[in-house]
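Before anything else, here is the set of structures, which you'll find just below.
Note that chain A is present in both complexes that follow, paired respectively with chain B and with chain C.
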Partner chain A sequence: MRRRPAGGRALITGGQASLALWFALPLVPVALWALASRWNDSQVLPEEWGPAGAGSALADGAAASFATSLALGLTTAALATPAGAMAAYALAFGRLRGERAAALLLLAPVFVPPFVIVMGVNVAFLWLRVPPAVALALVLMVTAIPYTTFVMRAALASYDIGAEEAARTLGASPRGVLRRIRIPMLAGGLAASAFLAFLVGWSDYVLTLLIGGGQLVTVPMRVAAAASGTGNHALVAALSVAAVAPPLLLLLVINRLSVPRTSRPATDADARERADTELTGASA
Partner chain B sequence: MRARLLLLPAVVPVVVVLGATLALGGAQSLGLMPVVGEPALNLRAYRAVVASGDLWPAITVSVTVAGAATALALAVGLATALAVRASRVGGRILGALAASTIPIPHVVGAAAIGLLLADTGWLPRLLGLDEGAWPALVAGPWWGAVVLEYAWKESAFVALVVLASLAADTGELMDTAAVLGAGRWARARHILLPLALPGLVTAGAISFIYAVGSFEVPWLLGRSSPEPLSVLAYRLFTSTDLTVRPQALAVAVVTVALSAAIGLAALGLLRRRPVLA
Partner chain C sequence: MTSSVDLVAASRTYTGAPAPAVSRLSLHVAAGDAVAVLGPSGSGKTTVLRLIAGLDVPDEGDIRIADTTVLGVPPERRGIAMVSQSPRLFPHMSVLDNVAFGPQMSGVPKRQARQAAERYLDLVHLPGMGRRRPATLSGGQQQRVALARALAAEPAVLLLDEPFSALDPSLRADMHRLVTELRALLQPTIVLVTHDHQEAALLADSVAILIDGQLQQHVAAAALYDRPNSLTVSRFLGCLNEVPGHARAGRHVSALGTIDTAYPDGQADGDAVLVIRQEAIALTRADDPAANATGCIERTTPRGARTLVEIATTAGLLFAEVQPGRRYGHGDVVGLVLPADQCVVIPTASRTVTAGQVPASPVPSGR
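Coming up: the complex of A and B.
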């Protein structure tokens, strides 16, 4: 690292601190309200601490919603991860003629807002009497495919297909190549891709609201209902924590997985950047 | 041949769902599939939603809010990416903090911003401002809380995309430029910015399209009138008056056209991006 004048270093630290404040500040009242049992309007900190919000969330049936959201996230990941991985593999190594068109098509769901998708296709689901859960899984899968496909394309960009050829020359079956070479070597990319797909299902609001028709009540729907209604801030905060904890835990696990444990300091930064690349796209 | 088969599990659902969305959505907006009455090809729904005086304000609000939020997200995101690279320990902490906001659902982001910025929120309490002195950010005339929610969530996304596009051999280029006598600003302007530009365009377009299409954030933090496109479409779609259903689809078609235009413009920009000399 180059040596910097003291003023420059103070500027950098100050900038980093204000940006850290920008990212952390909205989470502070959530954390405080989640732990407050009594908090007067004029006070900066709660007067009494306790899990009041968690209590009213559980009494409200939040546990069932947690299970529903988990099921939606896992279903979306189970459907969109293999589909995206196969498509990315075909785009990377298939020498297809319409490769650009196919890539653009798989990116297209990003350009169509979810509410538009529901309003367009819902008539078809009603005609064909598709059960709401199946219809929802299909639409969530389509919404997640751009992310899974493009994360896997990024992962395949640094993938050495020579290892597959070598294994095949040594007598491995196509199945063996898939199980012993391709999946283990791409595990980091697959994990990041599954995480993003999980996130699409787990965070969805408007698709579940309109397709689920009130039958499926997810954690985000409970957060929205609590935030728009009652004025029960402790409940809003407890539900928000419930909505944030699972994906955050998964993110920690994945970052552990995708950073090689034996890496030297120099390659450690590279690995971190690779993990960042793989998580790109998570926000939309 | 086999490669084409591998594409099918992703391509078929996308084609079926997006194809049905555009075909059935378009047909519904053009009066071909009315819930009540006889089907007839016409532009009545589009005319009605223009005549109601709701469409233009909705477009204006959606585009302005999305534009302001995206501009703020790009500025903060770029600054974050540069700050993450500026020092080892501080950069690592900031990077981890920014990345940890990525998996937060937008509806939770909206709830958090509400708890922070509402009249009785935590920030006015912290600053000791009573209700008169605190600006109406939530449900206020300037859509402040909505813009800040998008900017907060998308700035972390922008930072990650920019960090990824800077990852390559930026360090070597910077060192070479430094050896050749380029100062810090010259290096930022001539190396970092051109390298970050494709990432900024991509992340900016995705953020903008997301903000135009999102429903729950303006619904929770915005004011009830004028409505942005998503909230207007939702109100018309869920109305008990079934004759306005085609109008909801007309608003949806307008939203897709807007999103597609932004997406295509971004793709065009990316294709003619200047190559680093």
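Coming up: the complex of A and C.
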């Protein structure tokens, strides 16, 4: 086995710590401001602690915005995840004609600026009298599909479709295969693509502004409005925390769920050794 | 419950492939029998199993299970189970739930299905492993679980697709013993696909040799090496000796001399090749009256415990595989004994068995 050079471990640990600091440091002032009632620029820490920021945010209607953003995020995830999964499955196993063209088309919303799509689509939605919330959900779904499709394509690259065939020969119907084999085996990929789709809906600003036409006020819109106008740092910080908390919580939950239950497959030698140990133990 | 399986002139050509994967294949597997489909890589063996399983559809011909056509019947309703080279255990289920999967799919309540699964895990010598995750098992153990899972579904036909080829030799021997044990106990109908002729001879009642999608010969396993019906089959089975000449009155005449051969009755006279396996040739003293020919040793190559000896004869190079302890050197002159019952004569324009033809050697119809 190759040995790590002396000091290598310390270097890696140092690198990891620096990276963690790089991500965490910008959040520290936000977290402090969210809990501060008064903080003078000349002071290192807030002079008074309290929920003033949260209070201002609630008074400003943040709860309703939070609910709107949450609904948009969840709707986008609920629509774009199955659509992306089906598209990825068709691209991976469907033996499609023009597979490359279909893949490019699915990727199009990523390289076409969103307002270019929206300006045309919005006119159509207005003409068809589609309610803004429905119109926004549909457009966000299209925007999220490239992410869900390509995350699922990556997940399907390591997916053994032979397991589905094995299940069929063991008596599972196509529906049984979907429920008992495909969805559970792709759960990690599905969770990751649902998370990305949620983020698209949760953090959107431009599309909500253009399509929602001011009727739909989301957390990012409130953060932007507060940050650009009020000068109330505690309010901006409280809204920012509200914007960061749900994705962060979701990420932790997904991480927790996708931790492998085993570190590595056993070898035949391991198995024999274990069997010997078990036998010895049993006879002792 | 066991059922017979029949492929009736079944063909399958994949899109874009220059030749059919399986061409007008007819094969009968009696209920309770084990038939090995033996062939090199790419010969269409796996396609045969996929056609029987319903995972693929023949372009023409019929697939019958228990004398009933199953064309149009989905895999889950054919009463089959398949074990492939990769165990394909479901990683999100425990070992016990993997084995209980088949019974559960056929409507057995979870608790009873798990009890049945415990019994099948005992059968494959993995008692108490039920709570484990598949990833914590070794390759050999995973393949045992795959076998238990297939058996727990109580299939009418068990399909084995090179199930032991990824295992090391000692584990493979263990699995061979296990399959023999399970056959004696459960008597399932088995169609085994393999490229290993020793495995085929060991596990099956009869062996169907498939080369380039065509059935070359279907022969009783015990007679696998005795009577190849073509040079293609002889070469595939690893026979190194071919002596061109002609058949006359049940004997083979060539530069080697006149050699008595096996099965002389009904053999037509004409150009023919004498084939004899290297293990069948015995080396003796050059002046031994029992010797059919003499030759000079060109080279010796160790083959495990035995040695492969190359001998220059009047008919060209011949090969003999000799037992441990016998030592020969370059230039030694030896006599070659070619036992008549091991000498097979194949007409130069040897035919292959095609769909519907009677196999060259009798195949047992029952057990």
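The rule we apply is simple: the second predicted complex is superposed on the first by the 242 of 284 C-alpha atoms of A that agree within 3 Å, B and C clash if a C-alpha of one lies under 4 Å from a C-alpha of the other, contacts with A are read in each partner's own complex, and residues count from 1 in each chain.
The rule is short, and it goes like this: a contact is a pair of C-beta atoms (placed from the backbone, for glycine too) under 8 Å apart; a residue touches a chain by one contact, two chains touch by 3 or more.
It should be emphasised that the depicted structure is a prediction, and the values quoted were computed from it without experimental measurement.
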- Message: Once chain A of both complexes is superposed, is A:G229 in touch with chain B (first), chain C (second), both, or neither?
- Response: neither
- Based on the superposed arrangement, let me know which partner A:P114 touches: chain B (first), chain C (second), both, or neither? first
- Task: Go through the superposed model and pick first if A:A172 touches only chain B, second if only chain C, both, or neither.
- Result: second
- Report for A:G162: first if it touches chain B alone, second if chain C alone, otherwise both or neither. second
- Touch check for A:P29: first (chain B), second (chain C), both, or neither? first
- Would you mind checking which one, chain B or chain C, touches more residues on chain A? B
- Who does A:V139 touch here: chain B (first), chain C (second), both, or neither? first
- Could you tell me if A:T149 is touching chain B, chain C, both of them or neither one (first, second, both, neither)? first
- Query: So which bits of chain A does chain B touch that chain C touches too?
  - Reply: 270, 272
- Message: So in the complex, the part of chain B that touches chain A is made up of which residues?
- Response: 2-4, 6-7, 9-11, 13-15, 17-18, 20-25, 28, 33, 76, 79-80, 83, 86-88, 90-91, 93-95, 97-116, 120-123, 125-126, 152-157, 160-161, 163-164, 167, 178, 206-207, 209-210, 212-216, 219-220, 230, 233-234, 237, 248-249, 252-253, 255-256, 259-260, 263
- Footprint of chain B on chain A - complex, ascending: 1-2, 9, 12-13, 15-17, 19-20, 22-30, 32-33, 41-44, 82-84, 86-87, 89-91, 93-96, 102, 105-106, 108-117, 119-121, 123-124, 138-139, 141-142, 145, 149, 195, 199, 202-203, 205-206, 210, 220, 223-224, 226-228, 233, 236-237, 239-240, 243-244, 247-248, 250-251, 270, 272-274, 276-277, 279-284
- Quick one: which bits of chain C touch chain A in the complex? Just the residue numbers, please. 53-55, 74-76, 78, 80-82, 84, 86, 88, 90-92, 101-102, 105-106, 133, 135-141, 149-150, 153, 159, 168, 171
- State the interface residues of chain A toward chain C in the complex, per the touch definition above. 160, 162-163, 165-173, 176, 180-181, 184-185, 187, 261-262, 264-272
